[in-house]
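See the structures that follow.
Shared between the two complexes below is chain A, which has chain B as its partner in the first and chain C in the second.
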Partner chain A sequence: MNPREEDSRLERAYEGLLGGDVDEGVAPIPATPWEESPEAGARLPGWGGFFARPGVVAWTFLLPALAAFFVFSWLPLLRGLVLSFQDFGLVKEANWVGLDNYLRAMSDPQVIATLVHAIAFCALSLALGFWAPVALALYANELRRGRGLLKAVFFLPFLTPTVPAVLVWRWILDGGYGALNAVLSLGPWGPVRIPWLTDPALALLSLVLVFLWKTTGWNALIYQAALRDVPAEVYEIAELDGTGLWQRIRAVSLPILRPTMAFLLLMQVITTLQIFTEVHLLTGGGPANSTEMIATYMYKRSFLYLDIGYAAALGVLLFLALLGFTAARLRSLEES
Partner chain B sequence: MPRGLLGDRERRSPAVRLGFGFATAVVALMGCATLAPFAWMLLTAVRPAGELFASPARLWPESWGLSAFVDALERLPLARYLWNSVLVSGVSALGQLALAAPAAWGLAHMRSRFKPLWTLLLAASLLVPVETLVVPLFLEMRAFPLGGRSGWNLLDSPAALILPGLVSAFALFTLKAFLGRFPREIRDSARLDGCSEWGVFLRFVLPMSRSILTVLGLFGFIAAWNAFFWPLVAVSDPAHYTLVLGVQKLLESGEPWNVVMAASALSVLPSLALFMTLQGTLARGLDLSGYFP
Partner chain C sequence: MKPLRVLVFGLAFPAAACAAEAGVFSVWNRPPAARAAERKIWDEELADFSATYARTIGEPTFKVNAVSREYVAQQFVPVMAGGKGPDVAKVRAEALPSLARQGLLASLKSEVDGWDQRAFVPQVFWDAATVEGKIYGVPCDSYVTVLMVRKDLWVQAGYSIDQPPADWAALEAAAKRLNDPARGVAGFGFSPTIEAVGDFVRQAGGELFRGGPAGWEPSFQENPGTAALTYLRRLRFEDGVLQSDPLASREELAQLFALGRLAMMMGVPDQMPDLISRYGMDPGELLLFPLPAGPTGVHAAHAGGEYFVVNASATPRNKAAAWAYIRTQLSPGNQLYRWRRMNELGLPIFPGAFSTTAHLSQLPGFQLMEQALSSARPEPALPKWPQIKDDLESGVLELLFTQADADVSGELREAAERVRELYL
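Showing the complex of A and B:
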């Protein structure tokens, strides 16, 4: 499969996610008779006839899911929107305050700080970890033996529930009694006590390390799945041409991986903006708020300070940010 | 047979061998770093509490024992939490599929005037972060509008954990993309033979999509099993803790690290067991994720 086809395949998959028809190239198939005639079910008397009508049948398929989405997704979203225009704590009456919550969010230094932290987190994790899974996938693709073992090892962090994984990291990164400092103390420089989680300059980096530990293997597996679709002939031709290995990676492998890279980049930004468990359990947003993220800040606002209207406004802003980012990203994908 | 960038002849050249050996060493190091936290979890769990406070830490325990596991089992009603987790994850995963599969089939193959609207709304659900929904869902669950005058308080019950997990826009769209390719002839001929729409769906569509349903079910199960944010908010009565929530509360209540690590190790086991038994299916699932990112 050539890279262009790969691109358009991914685009089609995106359209599938966002509602376009997946088999766009296929001509519409003429309607079958029972879809055409509204009276098709009318010959049956009573309820049987009612439920056999095409329009009604379609509803029986869609309605349960739509009802569930209404109650557990759309209604809460709407409620959140309403709350964001109110001053509301759990114990007091709600007051309408118009745009106050939003105006407050714009000038809240804490919110701006969470934004800075999210950008720093994203930049750090991309700088340190963007290419590792690509390299790992390229390596795994060359393996003739042991690929299964490699996959199992790198799948493990993804499979492990976040809570025990993050707890063990908190213990490893402990400044006084942690294993990381113990390993570093083995060096010729003697014992070290690096406060990985309690130094504002290091805490964010530690978070990034834990995040990369959890995601690198999984991303490599996704890249590897994309690489497997390349027909052997493509590589054979490249080999017969006598192109060097580096050239082949640049001319064959990377173009094939590019759509997956774009997708994972988008996912990374989305995940970063929403990160909660890791931060809540590793640093709790500290030290000195140096790792506060929007989700942990919202959690504190709602359940510690019962400042629910404000937290809801932050939630709406987060949703809008994700929406805008995804739309911009998809548009640039479509254009390229 | 898929092959890599390197041909058989090239693989024998000394330069390539050297480079490959170097790459193998780097990857092996990364593998060790990946596994190290698990090792440290176990090495901490088997040592007595007195050994926890050496600085720098002793990497290899001086004395071994399972007392931390015994303590963890005493402080954690493990069987109870395990059952809570199995119940919540199992019902969420099955419910997700039961709701998403017919809807995906309907959206992929049936006519409905409002289809674009539904698709748009469902796509919006795909992007709504859990953070945005947590507070409104908390309020909704506190006064669920189906009973009593001021609603029905579902917080601190399995229902609070299960219900919001029933909807998965990801499962729905993945299934829709998959079922969109379902051979039209099968549907048409079954219909001409007098099969109803639901008959086609139950007798042909579901059995033929068994593998993707298994994979999505697994993803749903793992997601619910690992969930932390929503259970943290929705449940405060220890009787309804899920396993991972129970483990986190153990640390919060000031237990020493060897007990916390023993409990963590125990909470990782079910995921591992599930992975071992369903490895083949998951491997196929990764193929699918290549198609439907």
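Showing the complex of A and C:
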């Protein structure tokens, strides 16, 4: 059976399940006791009766996950919120300080600087990297052969664990013995010693490049998945109509990718504003604080300065900013 | 009934375990399993101590719980504050004052005052352990900063191994002569940390901070500070003799040095095990020189290392055991035993592995330490030293070592203002 026949068979099966014509060979799913009569289920003896109640099975399955979320996500979130209103030390008693930590954050020049760096990082990574995965996905989609290999190649950085990958990048980008400078030195201009990570003007750009190397493959894969939703007939019809590659991309692929692009744009903004590992390992926020981001600054305030209440307030502010941005973006997407 | 039994057992078991552990004497400085030979010697020493001490106090059930944990402030402080800390641990010199101020450490003044080895420990190390007139730690693995030189490159350049660079000019000249970009060799390795810069400031006749517990004032922005940083920046930007990454960490420098990519570096003898065991450097290729003198003729270095500390919440029984343990560890007999076993097991012998009391005894090859100790100082015991250090390193030193056109005195003045306002 070829894929098209398989699809139409499944389509008929779904129609049957949804109440249309039942295809021969596809049996309808039997109704559960509580769907037939909730009271009947509840009358079953012992545990059977308990689990037959509507919703109990669902909640039983959900409970472990909810408990884990509560303990490891929501509880720390609430604790962080409480800490943000306290002057908290590891040894001394915590004191309530009201909005002091928030007011300090508003007037801390370092917070303003980290915001500027984060926005610059976000803008640079969008400018340099937003279209790269789209282009990769479109290219892979057009390939007749080697599509799997291409996908494997661009997905590989995403599979590489971040910490060793970033440490290798440190060597690659070293100003003296780094591989990148060694390769560039092969050019006709002779030896180069570009301080990729130690020049404040270049360090942020280097971080963006490492970040894009890591994330582009993943984004391309999501675009690829979205493109796979386009029925082959659409492209065939477009080809029969004599459309060229560029027209096909513009008129068929891009409109289909638009919701995915909107979603990934949102995700990229959120991810870049929260970036930590790459910065912490590559530059540590330096040189001269030129790559200090919100998350690395929070980390320093919390674990180096032990200014835990203040760091918690910064975390809450970041959370609120991202929440606001996400809500606004989702609303605009719904409206459009 | 069954779930209830499980619950009772689950709650009772940890409680029973805690109760059983309550009388145990615990030590936190056991070397990790990866350092097998070191750990073997440590275990031998501990077994000997346990048996002897149990006999001495007439308590055959005396038990020592040895834990392999390095000092990490974020872990150590909450554990100590929660009353679950070890009876004895090793902490770094710069961490000791703040731990003592937080009431986490027991005063050892009366014990140290009656200790027959006290006079053999240089005063500089006691100064670093003294907070408000009380002694809170006993120096164990101590070091002073030195100039580490690769013997092969040094001799190739025509220098004699018993003629260290005497002053800043000689250091600069040697760094220029040893620097060989074509072979990827940098003349001098320098990690711009506040401690390392502080040595040069003191060589120039200044201090990073002046004062004491009654009140500290920044003084790194004065002329000696400017002179020290101007000199170091000249090595970087004019002479081009520093390593390619101006912000390289001490560990990265050690790696480059062991690989022959650095001819000289500022370091501490405690790095020797890493250089030899981890990076494969031949110990015969390593020369240790005192730091050069600055314009004032001072060979200033800084002293640091680790201290034995005792938990403030240790019971009297465990505090007595803790002091007996420390005294045994640092006794000349035990130091000599360790020295012999390290030789037998092929471990690199380096001054930091021995107590400062042994530095000044007759162990061969430690004369340099004695000389360096005469002018060494500990890091300033400022209340917010970790914060000040981070601020100065990331806010000022990183800028001065990466920006050729930075205004040294202006940056230092601005930093002094900021430090005064935020931390002092």
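Assume the second predicted complex is superposed on the first by the 275 of 336 C-alpha atoms of A that agree within 3 Å, B and C clash if a C-alpha of one lies under 4 Å from a C-alpha of the other, contacts with A are read in each partner's own complex, and residues count from 1 in each chain.
Here is the rule we go by: a residue touches a chain if its C-beta (ideal position, glycine included) is under 8 Å from a C-beta of that chain, and two chains touch if they have at least 3 such contacts.
Being a predicted model, the structure only gives us computed values, none of them experimental.
Peer 1: Tell me which partner A:225 touches in the superposition: chain B (first), chain C (second), both or neither.
Peer 2: first
Peer 1: Could you say whether A:279 touches chain B, chain C, both of them, or neither, answering first, second, both or neither?
Peer 2: Touch partners of A:279: none, neither chain B nor chain C.
Peer 1: Specify the partner with more touching residues on chain A, choosing between chain B and chain C.
Peer 2: B
Peer 1: Examine A:193 and indicate which partner it touches, taking first as chain B and second as chain C; both and neither are also allowed.
Peer 2: both
Peer 1: Touch check for A:261: first (chain B), second (chain C), both, or neither?
Peer 2: neither
Peer 1: Does the superposition put A:289 against chain B (first), chain C (second), both, or neither?
Peer 2: Touch partner of A:289: chain C, not chain B.
Peer 1: Contact-wise, after the overlay, does A:303 reach chain B, chain C, both or neither (first, second, both, neither)?
Peer 2: After superposition on chain A, A:303 lies in contact with both partners, chain B and chain C.
Peer 1: Which partner chains sit in contact with A:176 here, chain B, chain C, both or neither? Use first/second/both/neither.
Peer 2: Both partners.
Peer 1: Just checking: does A:91 make contact with chain B only, chain C only, both, or neither of them? Give me first, second, both or neither.
Peer 2: In the superposition, A:91 touches chain C alone.
Peer 1: So which positions on chain A get touched by both chain B and chain C?
Peer 2: Correct list for chain A: 176-177, 193, 303.
Peer 1: Residue numbers of chain A touching chain C in their complex, please.
Peer 2: 90-92, 174-177, 193, 195, 197-200, 284-289, 292, 300, 303-306
Peer 1: If you look only at chain A, which of its residues touch chain B in the complex?
Peer 2: Listed in rising order, the residues of chain A that touch chain B are 9-10, 13-14, 16-19, 21-23, 29, 32, 34-35, 52, 54-55, 57-62, 64-66, 68-69, 71-77, 79-80, 83, 132, 136, 138-139, 141-143, 150-157, 159-165, 167-169, 171-172, 176-179, 181-183, 185, 191-193, 213, 216-217, 221-222, 225-226, 228-230, 232, 235-236, 238-239, 245, 248-249, 252-253, 260, 263, 270, 273-274, 276-277, 280-281, 294-295, 298-299, 302-303, 308, 311-312, 315-316, 318-319, 322-323, 326.
Peer 1: Can you list the chain C residues touching chain A in their complex?
Peer 2: Where chain C meets chain A, its residues are 73-74, 77-78, 81, 102-104, 184, 186, 243-247, 261, 386-387, 390, 394-396, 398-399, 401-403.
Peer 1: Going by the contact rule set out above, which residues of chain B touch chain A in the complex?
Peer 2: Where chain B meets chain A, its residues are 1-7, 10, 16, 20, 23-24, 27, 30-31, 33-38, 40-41, 44, 52-59, 98-100, 102-103, 105-107, 110-112, 116, 118-140, 163-164, 166-167, 169, 172-173, 176-177, 180-181, 184, 188, 191, 196-198, 201, 222, 225-226, 228-229, 233, 243-245, 247-248, 251, 257, 260-261, 263-265, 267-268, 271-272, 275, 279, 283, 286-287, 289-293.
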